[in-house]
């Protein structure tokens, strides 16, 4: 058995405000194998987004990783210097966020924002970068790439914006994509298409995806394994089929009922 | 409002928040002192603002002595002897022969207390022919401290009145404009923009030029108040108009209309009160501008004229650099202006901080 | 883009007419026929007076007078200055330029200092240096600008480092061009500083607020998640967004500087439009007053127009509306 691509052990994240320290993520353990999709499910406030951010060390002010191990590709990330972390972001591990209109910079055209990843992580020259951008946009299913790359985020539709985010995420050739509620802000038909896109990219690029979501339906259709989070703890984990068909924890049962209802 | 039900009205919540801000309270206290001093100027000042004594031109602050021949004594001042040094500069020396004790409720020049009944007692001072200059004297030997108090009357009230008039004008015009919309709105807003277009100081000067020469000082005072408010109403009117445009769509306005209430009543009692939270804070922050406007006008000689005191025209003396060097106390009005402005700014900021949640609540009610 | 500029330009024209109207109304507010007061003055020839009487057509109804006034303005006929005894346009030109120079200097100083200061304060939020900057800003913002000017002049008189006002030193003509430039710059320092310190304090605070708000936005998180170097995140992604709202303030800034410059000019004896206007008001030189106010309004509108164009260039959301 190959070692997992990403392995979280005993991960604890706290927030310090008004004196006391509050625990947001409580000693969780999670494995993301290579070339698979692992889902992290929970309601709002369960701490799942915090887990995603802590892997890339992008926690907001006041939050910190109190203890635990984050091992990516056999590298311990916890003590790694900031420069190394920066090299990993976008290149080895990248992130896709929920609301692309907020997540894309409004004053730069989208082509520029994709190109940035190439500029900082690859040594391609300008012409090669332009070429690569067109390839990427094609890969994520964006029509008329040359026109779109010169557009600004507010000029594109929601679905196109999310595809741009995904193009940005795969530009550096990452091994792992952390997708934080990637379709929650889209309407239902678009959701299906984006999910297909993720699956396609996983095959074509041999990716792993850590899918953070509250939507069990999505988990059922996409994820190979799933972990259920509640109030900072993982209450159940295992292969998707097993967990969804025979949930052990009452909370998982609740989620499943909500999904069917 | 609803004390019985246990809910606090928004104003009460905001007021509580304000109470906790110590800096704002310090500001309020200092302002009360300044305004109180202005109201009680006749009583608190040892001399009238007109009281000249050319022998003591630019006299330094009179030193108060607590010891007499080594023994603790009731505070007193000595007389002053004027002499000229080799550069023909005035030098004031203490004349120990003359001994004037400091007195409370001393008899001085007559005035009308609170404008009502005649009185001769001043809070403190020295008996004539002694002269006591707490903060020094100006060019004509007038007591700076007294003039500062009288000056406060002018400077502090012109600012306040100008702001109140501009506030009322802005509120009414903005309310009418926002409520009726259409061509009236268009016209009024173009008018607003015209007024906002000319840089303030130029407008100030031009309006001042239009005031006839033969106005007496009271008329000049009111002309300046009106001129100042002319400049400030436009900004508030625009914002109030914006608020009214959205407020007039609310249900209670439609309800009022269906009851047949007159437009004016609707505007005054149903719409404008909701703009108050923003307007009051805007007014508070604009008052310093009016005070500075009057000071600037008086500084260049176009405001309140001599012998009446205003902090601005007292500073016109200080425009000569030589004089500042030898009589730095003539800059004291500037410190008082600064203090007043800081206090208003601090209070305005505190108001904004606690009105913010109120404004947000207003926004959320739109649903 | 061009369409946008044209649109803003078209809006400016009625505004200019509006200012002309305002000044015209003010002229008519002064009681009596102005020319009557100078008719008796032996300084002025009858021909001059007759010329201006015909020009302004005092005997015709108000509307005709107003149209005549506009026509005169379009011909750049700005009236006659009875105080200086020359037509107005002769004096206004150079004064206008001087005021513009001072306002520009104040403007540049404000932005060059306030923006980096605001960014720095935001990046060191709530640390000691930030608190110091905020405190000083508060003080400077509340100080009357004329007071600052007086203090600076006082300091200059004590230290002799800078000239005490005016725009040229005696013997200016005999200096070489480079010397002339430095002379003017040295005279510019105190008025420009007095003018800009209040603005710097205010602008810095806004910049700091904007920067802090932008740094909390989602796209900054994305930029970091992409692995961009921190410098790029702050000085490219964050800064570009933080500065945008400030560009709308450009027009307002310029106007407030113009207005503030007038008072500073008077105190520092800088020969600009403001001090000209003061002389005109003091000597009741009506046409000069009107022309100065008109020029002030024009500069304001031009400033606003430039600011609008700048905003359109900087924020694509406005451009493609």
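Labels A, B and C are assigned to the chains in the order they are written; within every chain, residues are numbered from 1.
Basically, contacts are C-beta pairs under 8 Å (C-beta built on N, C-alpha and C of every residue); 3 or more make two chains touch, one makes a residue touch a chain.
Everything numeric here is computed off the predicted structure, so don't read it as measured data.
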Note, CA centroid farthest from chain C's centroid sits on chain A
The chain whose mean C-alpha position lies nearest the overall protein Cα centroid is chain C
Taking each chain's centre as the mean of its CA atoms, chain A sits from chain B at a distance in Å of 59
Cα centroid separation, chain B vs chain C, in Å, comes to 26
Cα centroid separation, chain A vs chain C, in Å, comes to 51
So chain C residues touching two or more other chains come to none
Expected list for chain B, residues touching two or more other chains, is none
Seen from chain B, its contact residues with chain C in the complex are 190, 193-195, 197-203, 205-210, 212-213, 288, 292, 295-296, 299-302, 315, 318-319, 321-322, 324-325, 331, 334, 337-338, 341-342, 345
Listed in rising order, the residues of chain C that touch chain A in the complex are 217-219, 221-230, 232, 237, 240-241, 244, 314-317, 320
So, in the complex, the side of chain C touching chain B is made of residues 14-15, 18-19, 21-23, 26, 29-31, 138-139, 141-144, 146-147, 150, 153-154, 157-158, 164, 255-256, 258-260, 262-263, 266-267, 273-274, 277-278, 280-282, 284, 286, 289-290, 292-293, 296-297, 299-301
Seen from chain A, its contact residues with chain C in the complex are 56, 58, 86-91, 94-95, 97, 99, 102-109, 116-117, 120-121, 152, 154-155, 165, 168, 172
